[in-house]
Every structure is written in C-alpha cells, then in structure tokens.
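Quick heads-up: structures coming right below.
First chain A sits with chain B, and in the next complex the same chain sits with chain C.
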Partner chain A sequence: MSSGIRDKVAILGMGCSRFGERWDMGAEELMVESFTEALTDAGIGREQIQAAWLGSCMDEVNIGKSALPASMALRLNNIPVTRVENYCATGTEAFRGAVYAVASGACDIALAIGVEKLKDTGYGGLPGLDVGSMPPLWWPNLSAPGVFAQVASAYMNRYKVPRDVLKRALAEISAKSHANGAKNPKAHLRNPVSCDTIMASPMIAEPLGLFDCCGVSDGSAAAIVTTPEIAKSLGKHPDQMVTVKALQLALSNGSEGGYNDWDGSYIHTTRVAAQRAYAEAGIKKPRDEVSMFEVHDCFSITELVTMEDLGLSEDGGAVKDVMDGFYNADGKIPCQIDGGLKCFGHPIGASGIRMVYEMYLQLLGRAGDRQLKDPRYGLTHNLGGFPHQNVVGISIVGRYQ
Partner chain B sequence: MSNPAVNPKPVPEINAHSKPYWDGAQRGELMIQRCRGTGKPFMYARCWSPFDFSPDPIWEKASGLGTVFSYTVVYQPPYAAFKADCPFVMAIIQLDEGPQMMSNVLNCDPESVRIGMKVKVCFETRGNGFKIPQFEPA
Partner chain C sequence: MIGITCYGAYVPRLRLSRAAAAQANAWANPALLAQARGERSMANWDEDSLTMAVEAARDALAGRGTDGIGALYFGSTTHPFADRQNAGLVAAALDLSESISSADLGGAQKAGTAALIAALDRAAAGRPGEALVVAAEHRRARPGSAQELQYGDAAAAFTVGGSEVIAEFLGSHSVSVDFVDHYRATGQEFDYIWEERWLRDEAFQKWVPAAVKAGLEKMAIAPGSIDHFVLAEPVAKLAALVAKRCGITDTAIADSLLGVVGHAGSAHAPLMLAAVLQKAQPGQTIVVVGFGQGCDVLAFRTTAALGELPARNGVAGSLKRRKEEKNYPKFLSFNETLALEKGLRGEANPQTALSAMYRNRRMLSGLVGGSCTKCGTAQFPPADICVNPSCHHQGPMQPYRFADEAARIKTWSADWLTYTPDPPAHYGMVEFERGGRFVADITDWDLGKVEVGQPVRMVFRVRGRDAQRGMVRYFWKAAPLAGTGEH
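Here is the complex of A and B:
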C-alpha cells in the first residue's frame, strides 16, 4: 500500500526566467537564468545536485531530444540527467521525476528544469503533430483553438447557457488574468485589457476570440527539491519550508475520443487527477481548504470548465462564480494570480514548473505586489493535449507541518 | 511536424491498416471497424480491437449517417491551405453506429450548425483526386 508523497519532499529553491519573446537568448541561456535563481534561493552549489530532469516539448531547434543540453548548459557534474516530454504537461513531468527521485531515497537533492524556445519554431501557435495513422483519420481538420472551442459549444448545450452569457464570462476570465499579469514583472503580457476589448477581438474559433487564447512564449523554470530533513540541515526553518502535498498524473485511455459516454463539456482526466490529489493531500473540501490555484488556461474556456472539474464550482456553476469575481485576485479563491498561461505565457516545457514557482512564492510571502494573504495550500493544474485525449498533471504544495 | 505553410490542403499518409478506410473513401463509402470479440464498432483504424485486443477487426461500410456532437466555426486557419475555406465548421460527428470522428460540415451556412443536427457523409476531393470523408446536413 503506497503512502503517497505528502510531506516527503521539500522545495529547497526555485527560479523562473522572464517569459516572453526572448530573441536575446537561446534555450541554454534561458535555463541558466532560471537555474541560477534556483541555486541562489536553495543556497547550495551545483555540485550538490545529484540528479536532474529536463522538460522540453516542441522546441527541437536548439534543444534536441536528449538531456544533454541541460547537462552542458548548467555544467552539471556528470550526474544522471533525463529528458521528459508529455505534451503541455511536460513541466509537471520534470518536477515529478525529481520529486520521486528524492522521495525514493535514490538521491538527496534533485533538479527539475523546464524550458521552451517556442518562438524559434516560427509558428503562431503550437505546431501540429500529424504523423502516424490516427491524426489523418480522427483529426484531419484540427486546430488547437478549434478543439477547445468545441468544449464551449458542448458546455453551452449541456447547461443551456446563452452564447452571450458564456462569452462575457470568458472575457472576465481573460480580463482577470491580464489584471494579474500586469503586476508580474516576469510576465509576457503586462497590459490590463477590458472585457469590451476582449469581446471585440478577432474571432479565432467560435466562440473563442484572440484574447481567449494564451500567449506563445519563450521561458524556463526550475525547482530544486530535497527531503525536509536535509532542508533543515541546510538551514531552512520548518516555518519557511514548502513541501509537496500531492502529485498526480492522469492520462486519457482513448475512451473520451472515438467511442464513449463523454459529452465533450468537461475534461475527464482533470476530474480523476484532482480527486486523487485531494485524497493524497488529505483535503476534503477544496473550495474551503485550498487558497489559490494555477490552472492550465490555454484558452479561457479551459479555465472555466477546469473550475468545475477541480470541484471548486458546481457543475454548470462556473459562469456564476466567475461573474461574482470568486476567482479574482480579491476573490475567495484567486486563480492565475501570476497571470496564468494567458499572460505570464506558455513556454510548454516550463509551464508546469512556473505554476509551482508562483505557489511557492505566495506560500513564502515573496510574491510582491500580487501577494495573497496567508495562503495555506496552492494547487497547480497542467493539461497537455486535447479535450478528448490528454495528459493532466496536478500538484498541491503547502507549508511544511 | 506539419509545415505551417503547407499548401495545398494535406492528403493523408496511408499505411497498411488504414488502407481499407481510404480505399473505401475513394469508392464513396465511409468505412468503420467492428471488434470480433465484443461486436462493438470503433474508429479509427487499428489492427486490433481497443475493447478486448482481439485481432483483425472486421471492416464494414457505415451508414454514413450521424449527428453533430460538438462543433466550432473556425475563423483563423490552422494552416494557410485552409484559409480559403474560412469560416468553416470543425465538428465531432457521432455516427449512427456509435463511434465519433472529427470532420467538417460542408455545404451549409457555418452559423446554421447546431449540436444534435443530423448529417450525412460526403466526400471532398483534394490533390490528385484523393477523396476524404466529410459531412453535410442530412
């Protein structure tokens, strides 16, 4: 019987590069930017890191398929370094590798680092993955905004939400993330944008307009993890220590797409991973117990249904909660307090770790202008793939108790 | 990786186990597979059943009838080749036999499409006369 991950692993230090159009740097330099911040924060030397996991997904321009770029760019000491990739949930995969390595006792201090130089791919969104026999048969005309827009249609149909009502709620979601991102010096998009502007933006895939879509960004994020005991021996006070409370991953098994009972209005795997994560963390009522969320808002509709899939809003109730400001910075449960994928940006391999970075800063009271009052638990939700076929990684972090 | 500048519209890569599907489309027939063990139909083409892993699923002609399960109207094309088609409907079609497939709904006002709308298969001709299954109002 497994005992779960709760409180077995502490975050010793974290770093995150500025996200955006980083024409000034390559992927290696971006890794150095997040890594040096994490090392300084951890208060250790890089020779103390015993194993590392690199997450990168789309960028093969100057990264390639092995973990060598991380080993070389960070001048790691011939330690094991593993590259992982799992669609847009890649960052959480890298974090999971490092956390499990420490929890197993295989090493004392491990590094997770994610990076993406997405702008170098020369593409406006994410390049298509259309090799093999399935994509031409099942998604011959697919675009990423298109498949998530289909969720919006199914959601409106299921809950009888008028199109104008949903469109307005989606605009509120994006406006909230722009307001939050404006206070984050590392965010890609830092301008507040009004709901009127958002609703008037060019249509991409009905009902999603330009401002319903997240940023396409370059960036890197890193986490150095160890056990709580070692963290204490290195001088971290237990009151100033953030530990992993839950770390879960759920993958589609093919039943949502193709032949199923799924109605297209929610993300099945988010529901599975969330319930496992709450159980692992010992959380009974997430709406009351979790203080803040960083979810995978690749599109505004994704954030809306995720509020229900995580059990925060009742099914069909997210529109009302959004319009009530429940998830705003001054609401009951702030969501995307750092701007989210929408405005902080979405360098694929880094995003999952970037989410944990914000929760970590908030828990330690280091989030500057956007600091929340006394948060207890933070949850990150990292979704890779499509509504019908995806990878969902969820972590819950909190103060060590 | 797709070439973002792909033009004209892509035609599928055909392999051994998807060949009956594409051959059917060239004849004007929508082909699906049926599991020998459970008797359940499925999409997309596989050389074993996803239900019980029984080998060699049976190929059969589908009725070509279905219902719009969900949809969107795409205004910004994923690739340049689709630009002339914008705005176009990108839908998930639930076939009357049960399986779902993603497709476009052609030959109608894109804004007239609704969930639950009845559709039937039709075939779009691409480069070198290659036909791919699409749908239109029934």
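Here is the complex of A and C:
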C-alpha cells in the first residue's frame, strides 16, 4: 500500500522569472533567470543538484525537443535531465518528476524547471499545436478559447444560467485577477480592469471575450527539492520549511469525449485528482482547511467550474460565490492571489511551478503587498488539453509540521 | 425491365442573389444588370462536386440502403482530383462495399448523361447489382463574368438496375460532335466562352434537334407523346427551340431551374431529371438530353413503383433548404477567386499522412466507428478497448456507421480566433442519440442560432485544403437541422 507523498519532500528553494512579453530574452536566458533565484534561495551550488526535470510544451516554438537546452543553458554537471511535456500541465509534471526522484531516495537534491518562450510567433494567442498524423484529418481547428468556451455552453444549459449572468460572473473573475496581478511585480499584466471594460472586450470564442483569456507570456519557474532531513542538514529551520502534502495527476481516458455520460459543464479529471490530493494530504474539508488556491484559469470559465470541481463551491454555486467575492484577495478563500494565469501570465511549461512558487512565498510570508495572513495549505491546479480530454495536475503544499 | 430505381438531388443551401453580384460588377459591365434576377446556388466553402455528389447519393439511397450496389459512376467536369478516383471516395463516404467497380466520367457537359448511359448499359448487360450514378458540379467562373451569374452548383444521383424500376429505360441515342461553344483546357481555372448566338444558331437550331429527332425515331417515340422534356439549356429558351423543331409540346418542357439554381454543368440534366421524377405520374414518358460536344438522348417511362418510393428531399426539398447570400465578396472567397487575408494562423498546413488516411479510411471517409460486442456502446473513433468506463471490453468491435444517426449539439462555441474560411469557426461536442459522441466541426450554421440540444445531421465536407500539396481533406461535420434545443 502506497503511503503517498505527504511530507516526504521539502522545497529547498524556488525561483521565477518575470513573466511577460520578453522580447529581449529567449528560453535559455529565462531559465537562467529563474534558476539563479532558486539556487540562491536554496543556498546550494549547482553541482549539488543530482537530477533535473525540464518542462516545456510547445516544440513548434520555444526550445524544441529534449532536455539538452536546460542542461546546456544552466551548465548542469552532466546529470540526468529529462524533458517532460503534458500540455499545459507540463510544469506540474516537471515538479512531479523532481519530487518523486527525491522521495524515492534515488537522489538527494533535484531540480524542476519549466520554461516557455511563446512570443516568437508573430501573433497573439498560443501557437498552433502539432497534434500528430490523425487529428488533423478529423479534428476541428480547435483553439484554446474555442474548446474551453464549450464548457460555458454546457454550464449555462445545465444550470439555466442566463448568458448575461454568466458573463458578469466571468468578468468578476477576471477583474479579481487583474486587481491581484497589479500587486505582483513579476506579473505580465499589472493593470486593474473594470468589469464593464471586460464585458465590452472583443469576442474571441462565444461567450468568451478577450479579457476572459489569460495572458500569453514568456517565462520560467524553478524549484529545488530535497528531503526534509537533508533540508534540515543544509540549515533550513523546520518552521521555515515548505513540504509537499499531495501531488496528483489525473488523465482522461476517452470517456468524456467518447461516452455519453459527461455533460461538458465541468472537468471530470479535476474532480478525480482533487479527491486523491485531499486524501493524500489528509484534508477533509477543503473549503475550511485550504487557505489559498492557484487554479488553472486559462479562461475565466475554467476558473469558475474549477471552484466547483475542487469542492469549494456547490455544483452550480460558483456564480454566486464569485459574485459574493468569496475568492477575492479579501474573501474567505483567496484564489489567484498572484494574478493567476490571467495576469501573472501563462508560459505553459512554467505555469505549474509558478503556482507552487506563489504558494511557497505565501507560506513563508514573502509575498509582499499581496501577503495573506497565516496561510496553512495552498493548492495548485494545473490543467492541460481540452475539457473533454485533458491532463490535470494538483499539488498541495504547506508548512512542515 | 431495366431503368432508374431511385433518385436523389442536392442543391447547396446558400443561394447567391444575382442582383448583389451584378450590382457589385455593374461599374465595369452594366450589361450584367440585365441578368440581375433570381438567384443561383452557391457551394459553401467546404463543399465541392464530391461532397455534393455524396449528399445527392445519400438522398437517392434514402430508405434503400447501400446493399446491392455493384458500381458507381461519377460524372463531373469539376472533380476535385484529376488523378485519384473521385468515384472511389464517394463510395467510401457512402461506406459502400469495396467490391464494386467505379469510374469517373468527365470532359464535357454531357458527363452526367454519359454516366447514366454507362449504368444503363451495365444493367442491360445483366451485371449483378445496381449501379449508383452521381453527377455533380461546382462551377467556378471569373469574377465579373456573366457566367458567374449563370452557373450554379448542384448534384443529382440515381440508382439503375433491373428490379423495382421507377422509370423504365426505353433507349438512348448519342452523337459526338466537336462543337466548341466554350472550353476549359487542362490546368485552366475558368471557361473560355463564345457568344450565345453561336451556340443557339449552330447547335440548338441545327444538330441538337436533329439528334433528338433521330433518337425519337429510333426509339419509336412520338414527339407529341412526351410528357417531360429535359434539356439542360445553357441559356434560357434553347430547350423551347429544340422542342419546337422536334414537335414536342411546350407544356412538356421541364423546368430549367436556371432561375433558382443556375446551370450546374454536367449535373444539370440529371438534376432536372430528378426534379421531374419527383413530380411525374406513373406511365409518363420522359426524354432527357445531355449536351456537350454532341448530345445524349435518353428516354424513360415511369412505372407504378415511382409512387412507392420512400420520402426524400429531391430537388424540391433541397430548394426549400435555402439561405440567401448577398455578400458577393464572400461568394468570391468561398470559390477561391478572391484571396482574402487569412491571418498568420491560416498558414498552418500539415502534410496529409496518406498511410494514416488509408488505415483509417472507413473511419475518416465513412464515419464508421465501433459498437462494443459486450456492452453495445457505439463509439467514435473505433478503438480496441471499449470506451464505456464500466465495460472496457477488449476485442474487435462491430463496425458502426454514424453518418445517418440522429445527433444533437451537446456543447459548442463560435470561435473567432482559429482559422476558417468562414469565421467564426463553429464546432462542438456532437452526441448521437443511440450512443457515441465526438467534437466535430459545425457547418451550414446561422450566426447566433446554434444552441445546445439542437438536432444536427452529419454531412461529408471539405475539412481543409492544402494548396501547397494540392490535397483536399474530407471529413464529416454536423449541420444544424431546423428545430430548437432543449431549453
């Protein structure tokens, strides 16, 4: 019987580049930016890192294939470096590789680094995805907003939510993230925006407008992990130690997209991964026990349904909770306190680690203007793919007991 | 007795207002305004002669199914492929048995009647099974030309065999004459056309009526006994000229459909024949003339079985499914005679994996998925392990065709970001009532009218065109049916 990951791995140091349209930098320089911060934070030398996982998603731009670009850019010591890719959940996948390596005892200190250089395409939004030989023969030309907008159509139909009511709640979600992002010096979008402006923005994919979509950003984030014992031996005080409480991944197996059961109004895998993660972390009532959430708000509608999928809002109740400000910075459970994908930005391979970075800062009291009061647990939710077939990565981190 | 055993037709839903097109070009050619009456059919951007042929064939096979089809002949001068059999792809889209003979017939406006004669000859030779005949045309014309107003896009289909005949074949007569009123050389985009007077005076006043007369004499049909005279006149009033010279009564002259469809080239005589069969009474005589570097004269007599045919759209039903289009630049863009900005996203153009296309040809062309032999769940795409979470049975599935299954829109969006020749791209989860679902393109939508729960019909359409490699990729899409959702 597996005992789970809880408290087996501690975060020794983390780093995150400034996210945004980094016309001045390529992926290599972005990796160095986050890695340098993480290394300094960990207080170790690069030669102490024994294995590394690189997360990067878009082969079409960015650094191409293999983990060599990370090994070379960071001048790692000929250690094993593995590139992982799992759509937009790539960052969590890299983190999972490093955490599992340490937990297994195969190595003492491991690095997870995620990077995405998206702004080398000449247009807004994500680059077109290479999807293999078969999908181009029968899939629609799916765009990310187009597939996530599907959820809105199903949600409105299931809960009989009028379009204008939903649009208003979605605007509140984006406005909240803009308000949060404005306080984050590393965020891509740092401008507060009103709900009226959001609702009047150009239509991207019915019913999602421009401001319902997250930033398309360049950026990198890194985590150096070890065991709590080694962390202590390296001088980390247990009170100043953040450990992994849960780390779960759930992938679709085709049933949402191929079997007539799922109604399209929620993300099935988020529900599966969340229940496993809560169990792994020993959390019974997430709405009461988890202090803060960084969820995969690629689109405002995704954040809305994720609140229900994570068991925070009742099914069909997220609109009310959002309108009540439940997830605002001053609400009961702050969500996207760093601005989220929406405003911190979404360099795909980095996003999962960026979420953990914010939780880490908050737990250590290092989040500056946006610091929350005495957080206990933070949950990150990273979603890749499409509502009907996807990868969901959830981590829960907290102070070491 | 041999003859036609069923018929079907397809006219695209879009109808270009001739006034809109004529007015757009009147600054350069005011004479176009004289033709600014009525409308012409207009293929959607994802329709071509092949997709229209498939629709007409599905209409023809309504209530009949595909059993016993032994041959397929596809007549057109606008086949999408010059060297990849178009008939074979039509057969695949219809999920016909691969044990058939098939051929494309083209090269002249009489390709449609030539295909019909080939099928009738096959039946006369006593070959087993029935032949499916399709004729379709997606006619492109130079912007600003009169042909742009005169041409139309349409398809017709028939089955031909020796039992349950609805129109008995009385005989045919053909002449081949290298009379050139227009031509289109290989590799040329548009027709090169001479004046109508040449066509009228030299062909329709002389050798066309002579050929019709000779045919009627050969078949011993008294001109006055003809109930329906089908001549696909390239311009108005030529059929009347021929009828008069041959002694055929005015009232027998079949509706030319030029005012509502335009001239659908080699598919036009078959289209008019399908329209006639839809309203003909048993025991009537029909004479069909296909024109183009000669002519084919065919005669039929309808039987009592005509009244027994299951319901179908036919020309009348197709014409009712209509949406007026007044946007002339959109017509040009759909016909690729105006290269609008595609945006950088429009550059994406993956190579087509011919091997993957072949391995999965029943899935891609025939919309054939699987039905689990254990739990019976219908699923798409086909897979080795059942998709039903409480089954997951492993083993070969029963092939299961979704094309004619009732379906509804489960989720959808209208996407302004992704590239499509007709923004916004509509797509969504399409759910089949008897099981199965997948995310499909939605076509023939009305902006603002798509909704969850809306019933759809699956249609075979162009998925994308690879201009760089000359490939046209086809797949099935969901076309909303009239009706409302579950609200």
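The criterion applied here is as follows: the second predicted complex is superposed on the first by the 383 of 401 C-alpha atoms of A that agree within 3 Å, B and C clash if a C-alpha of one lies under 4 Å from a C-alpha of the other, contacts with A are read in each partner's own complex, and residues count from 1 in each chain.
Going forward, contacts are C-beta pairs under 8 Å (C-beta built on N, C-alpha and C of every residue); 3 or more make two chains touch, one makes a residue touch a chain.
Because the structure is a prediction, the values reported are computed rather than measured.
> Which holds for A:G257: it touches chain B only (first), chain C only (second), both, or neither?
After superposing on A, A:G257 lies in contact with both chain B and chain C.
> Taking the superposition as given, does A:M203 touch the first partner, chain B, the second, chain C, both, or neither?
Touch status of A:M203: both partners.
> Once the structures are superposed on A, label A:S233 by its partner contacts, choosing first (chain B), second (chain C), both or neither.
Touch status of A:S233: no partner.
> Which chain A residues are contacted by chain C in one complex and by chain B in the other?
Looking at chain A, the two contact sets intersect at 122-123, 125, 128, 130, 133-134, 136-143, 145-147, 149-154, 157, 202-206, 208, 254, 257-260, 264, 388.
> State the interface residues of chain B toward chain A in the complex, per the touch definition above.
It comes out as residues 1-2, 4, 10, 12-13, 15, 17-18, 21, 40-45, 50, 69-79, 82, 87-88, 90-92, 98-104, 115-116, 132.
> Under the definition above, what is the set of chain C residues touching chain A in their complex?
343-345, 348, 350, 352-353, 356-357, 360, 363-364, 377, 379-381, 383, 387-389, 410-420, 424-425, 427-429, 431-432, 435-441, 452-453, 463-464, 473, 475-476, 485-487
> Using the touch definition up top, name the residues of chain A that touch chain C in the complex.
It is residues 121-123, 125, 128, 130, 133-134, 136-143, 145-147, 149-154, 156-157, 202-206, 208, 253-255, 257-261, 263-264, 386-388 of chain A that touch chain C.
> Show which residues of chain A lie in contact with chain B when the two form their complex.
Residues of chain A touching chain B: 122-125, 127-131, 133-134, 136-147, 149-154, 157, 202-208, 254, 257-260, 264, 388.
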